[in-house]
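To keep things simple, chains are lettered A, B, C and D as they appear, and every chain counts its residues starting from 1.
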Amino acid sequence: MKSKSIGILTKPKFPEVKTTLQAVVSWLRARNIDVILDTTSAALLEEKGGLQKTQLAQKADVLLILGGDGTMLNAARLAGERGIPILGVNMGGLGFLTEVRLEHLYPSLERVFANDFVLDERLMLKTHVHRHGETVAQGIVLNDVVVSKGTLARMIELRISIHGQFVTNLRGDGLIISTPTGSTAYSLSAGGPILEPAVHSLILTPICPHTLTHRPLIVPDNVEIDVTLTSKDEGAMATLDGQVGIALTQGDTVALSVSELRTRLIRFPESTYYDVLREKLKWGDG
Amino acid sequence: MKSKSIGILTKPKFPEVKTTLQAVVSWLRARNIDVILDTTSAALLEEKGGLQKTQLAQKADVLLILGGDGTMLNAARLAGERGIPILGVNMGGLGFLTEVRLEHLYPSLERVFANDFVLDERLMLKTHVHRHGETVAQGIVLNDVVVSKGTLARMIELRISIHGQFVTNLRGDGLIISTPTGSTAYSLSAGGPILEPAVHSLILTPICPHTLTHRPLIVPDNVEIDVTLTSKDEGAMATLDGQVGIALTQGDTVALSVSELRTRLIRFPESTYYDVLREKLKWGDG
Amino acid sequence: MKSKSIGILTKPKFPEVKTTLQAVVSWLRARNIDVILDTTSAALLEEKGGLQKTQLAQKADVLLILGGDGTMLNAARLAGERGIPILGVNMGGLGFLTEVRLEHLYPSLERVFANDFVLDERLMLKTHVHRHGETVAQGIVLNDVVVSKGTLARMIELRISIHGQFVTNLRGDGLIISTPTGSTAYSLSAGGPILEPAVHSLILTPICPHTLTHRPLIVPDNVEIDVTLTSKDEGAMATLDGQVGIALTQGDTVALSVSELRTRLIRFPESTYYDVLREKLKWGDG
Amino acid sequence: MKSKSIGILTKPKFPEVKTTLQAVVSWLRARNIDVILDTTSAALLEEKGGLQKTQLAQKADVLLILGGDGTMLNAARLAGERGIPILGVNMGGLGFLTEVRLEHLYPSLERVFANDFVLDERLMLKTHVHRHGETVAQGIVLNDVVVSKGTLARMIELRISIHGQFVTNLRGDGLIISTPTGSTAYSLSAGGPILEPAVHSLILTPICPHTLTHRPLIVPDNVEIDVTLTSKDEGAMATLDGQVGIALTQGDTVALSVSELRTRLIRFPESTYYDVLREKLKWGDG
């Protein structure tokens, strides 16, 4: 990769982020790489300037993430429109999205500049919230959109349609609409299956459904899904990638479909998806 | 039963409640039974007076409920202190707590006056919320206490101890502490087992736990359970029987143990617990 | 459809099969349709002749099934090679595969001859059992291949690889490898998700795994899956569509991939996949 | 404990059993403890004699087990009648039943002789198989009785009654009837909850039930459970503690109730049940 510029996003709450950031910026500048920092990272380095996160993704050719899977989800939404590659360095262990461990940071960067990597394309989910015929909110996610009851409500009731065909009414704590990438996140905790990222489909995982025969449902990636809040609102929310919340009103419809955008993760092919699964889920132990 | 007085609680949202109430009050008064109404029921009948619900349970010898399982939970908390028997008439079908169907109302009442019934004693759970060494809230439930994350929070972290012994840290959507009676309510939706009411124990059912090896845990009825909120509060709540919410602050401990009070449900022995299970869960179909 | 010939397969254990068969054969012959019977159906009608089931599928242009989902699985394996369309009439209610109810038999046949139907193509799974470098058994299924322990064995141990990459070792009762069509059969009982048939993928559902973090895994339809029996045999079996059993020996590998064959089900588009799901799983009740 | 004699049972398949046995026998004899070996252990030491396992439990005052949880289940059945205490030393890690690790063997033995331990009483389940009014088999278990289909059968159908009251018909792979002790064994793999051993109850856990609303059911310890095989036999079995198999015939009833016998496990109170759970289930990781 003839990388003209690397944008760096950090999550300062992790230990070692500041010292790692100082070192990697020096390392990159010594190689004449143009380093673009967001305001948080610039402040950490006590440098002036720093761009807004949204601008960072407009200018950089690659994003380097020092953080966790949450930071990656944020980066994916920023990078989505231009589709620039993302290299995730996990500051706390091994993540599903940030496969590079801190101790492999510099060898990994050298491989990036030597073009010795693969791009792992992940589908993203776009969502619009419709109210009285108008779109009141929208967004794109890499993991999931969650429609859930308010904390004090006893349940939420949702009507699910696919391609305009009625599927079911669901009563319970809520519904997760997940990409294959999101299958190892919240959907898994709610009892969903694991989808290899190459399976082109979406997952609808009910959260604590009252009807015990409701099960996770896997649908093709060309469907249009409508989820309508049919119960009173009482604090109901749509949450995008666990980071952005949209308050819902009775009658609102959350419309979901696969986006034309893709997240492009930089991967080193010697570690497979299954290696990560085994390690994270402790398969083989016990 | 030489019933001196029957207190009546109604849930007006169900159809037929008003006409049923008019008829049953006439029926009872024609038999010289003292009828005590709460303010809601009195208003429905356009009668003056009517007692506060809490007073109703102080004066009546039996409670007659025209409503659903939610009305029964409310009645159980009211009746708990004096332990007066409760007869539940379900206005919407068949409930786990309200076994009498509307069409069996008068035969059932006649059996009550003929002493032709059994009292089904159900254990109740008492809970105190401790903050900085003080008790800031307390209550008694028939079904469950739920400690759950706020709608926008990504998760809640709880430390669970039993008899002062550390059990586990739990990260996820929350934790249900349920009586056997509550095992067919929210706990079941969250993946919990069904406990026959005669099993003297409590159930701890995790809600969407991040660690996939967490499972529902059944403990004896003599334990003291402490559940401490170790993550930030961000909207965390303790909810009693799905009806009363208590906002929790980081460091709060929800202390739970079996109450000395019992709920006494009037039952007619020809229908068993398993009959209700089969009908409600549609066992045998499919 | 200019149908030259209809082959009929029946499952005599269902009630009304004999009278239905008599009537439909008369109905078809009165319309100058060539009716081909298998030996079982011929015997039911007390007619001479009748073909072996395998020959039936070689000669007929359409298969008409009077039976249940099990009869359909059998028909799918027979029809697979030539890919002839199958019309399933359920003699016992509503099936996932046999959507036509008995009372709709003649209107449905008329629609078939009027070309008023759609063909619903379902992927099939082919499997080979390798032992010491040789193929000792093979087959094609519409629903699933199950690798399971013998009744007396405490568990089975399986090594799973995909595209030659090690995925995991699995200890438990066994493993179901299912098509999307099979997702509503055994895999569902073992905790698997529901896959819309249009999702091009396979499901690996563990049966009672010892490691609690094992979950159903969905993989793309272009993979080669190898499942090797690494524990002692003690009665271990591979079972094809619940109908054909192959005894396995320690070291045997069950190799699985999507077949180039398809099952073609005759469908009438006014009833959707979700309608069948709702009815079979009783969604919306309770 | 003024221990007059220690019986030793070993599972030779574990590594280090032979050297451990040699050392511990010398250690005990040096303290003038009467050591009783079973034939397997005697052979390992190349000593003459050795008792049948059943006789061992008749003569010894304490049982010392060098093996795994399977060896403990065997010992529990042997020791049951006389109720003698059992000390389990796990030769392969940490077990649910064998809490002593190999490196703590001698300190643990010293504590036994110093009476510095507690006896953890575990309830056992007795079972009789009735056929045409006769008892054709019987046994006692510490963990579970499993009624399961033959490997080639598609399913088994069972009628479950409790105290003579019909509970449900179950179709699926089978049914586990488990003690609280067995709740962390096979029942857990089949989706059952964890029961603290002090909860006096039994668990009925369905294995891959066809009806999706079947859930594990917890019943009091005073019940009589009848499980009748109503489908064809086709290889159906009742299995006691995963070790003893009884072939079942259509119409057979497996009758189960809590035995008056108890298994008495030697425990050192500084490690709690929850410590073992956390370690075995890896709670707190991930």
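Keep in mind that, in the parts below, a contact is a pair of C-beta atoms (placed from the backbone, for glycine too) under 8 Å apart; a residue touches a chain by one contact, two chains touch by 3 or more.
Computed from a prediction, not measured in an experiment: that's the story for all the values here.
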Practice problem: Tell me the angle, as a multiple of 5 degrees, of the rotation that maps subunit B onto subunit D over the C-alpha atoms. | Solution: 180
Practice problem: Starting from the Cα centroid of subunit C, hunt down the chain whose centroid lies farthest away. | Solution: B
Quiz item: Where the centres are mean C-alpha positions, what is the separation of subunit A from subunit C, in Å?
Solution: 37
Exercise. Could you grab the centroid distance between subunit A and subunit D? Build each centroid from C-alpha atoms only and quote it in angstrom.
Key: 46
Quiz prompt | Residue numbers of subunit C (touch at least two other chains) | solution = 188, 210, 212-213, 215, 281-282, 285-286
Quiz item: Taking chains as nodes and touches as edges, what kind of graph is this: line, ring, star, complete or other?
Solution: complete
Quiz prompt | Interfacial residue positions of subunit C with respect to subunit B in the complex | solution = 212-213, 215, 280-282, 285-286
Practice problem: Within their complex, state which residues of subunit C touch subunit A. | Solution: 162, 165-169, 180, 183, 188, 192-196, 198-201, 203, 210-220, 272, 274, 277-278, 281-286
Quiz prompt | subunit B-facing residues of subunit A, complex | solution = 148-152, 154, 172-173, 186, 188-191, 207-210, 212, 235-237, 239, 242, 245, 281
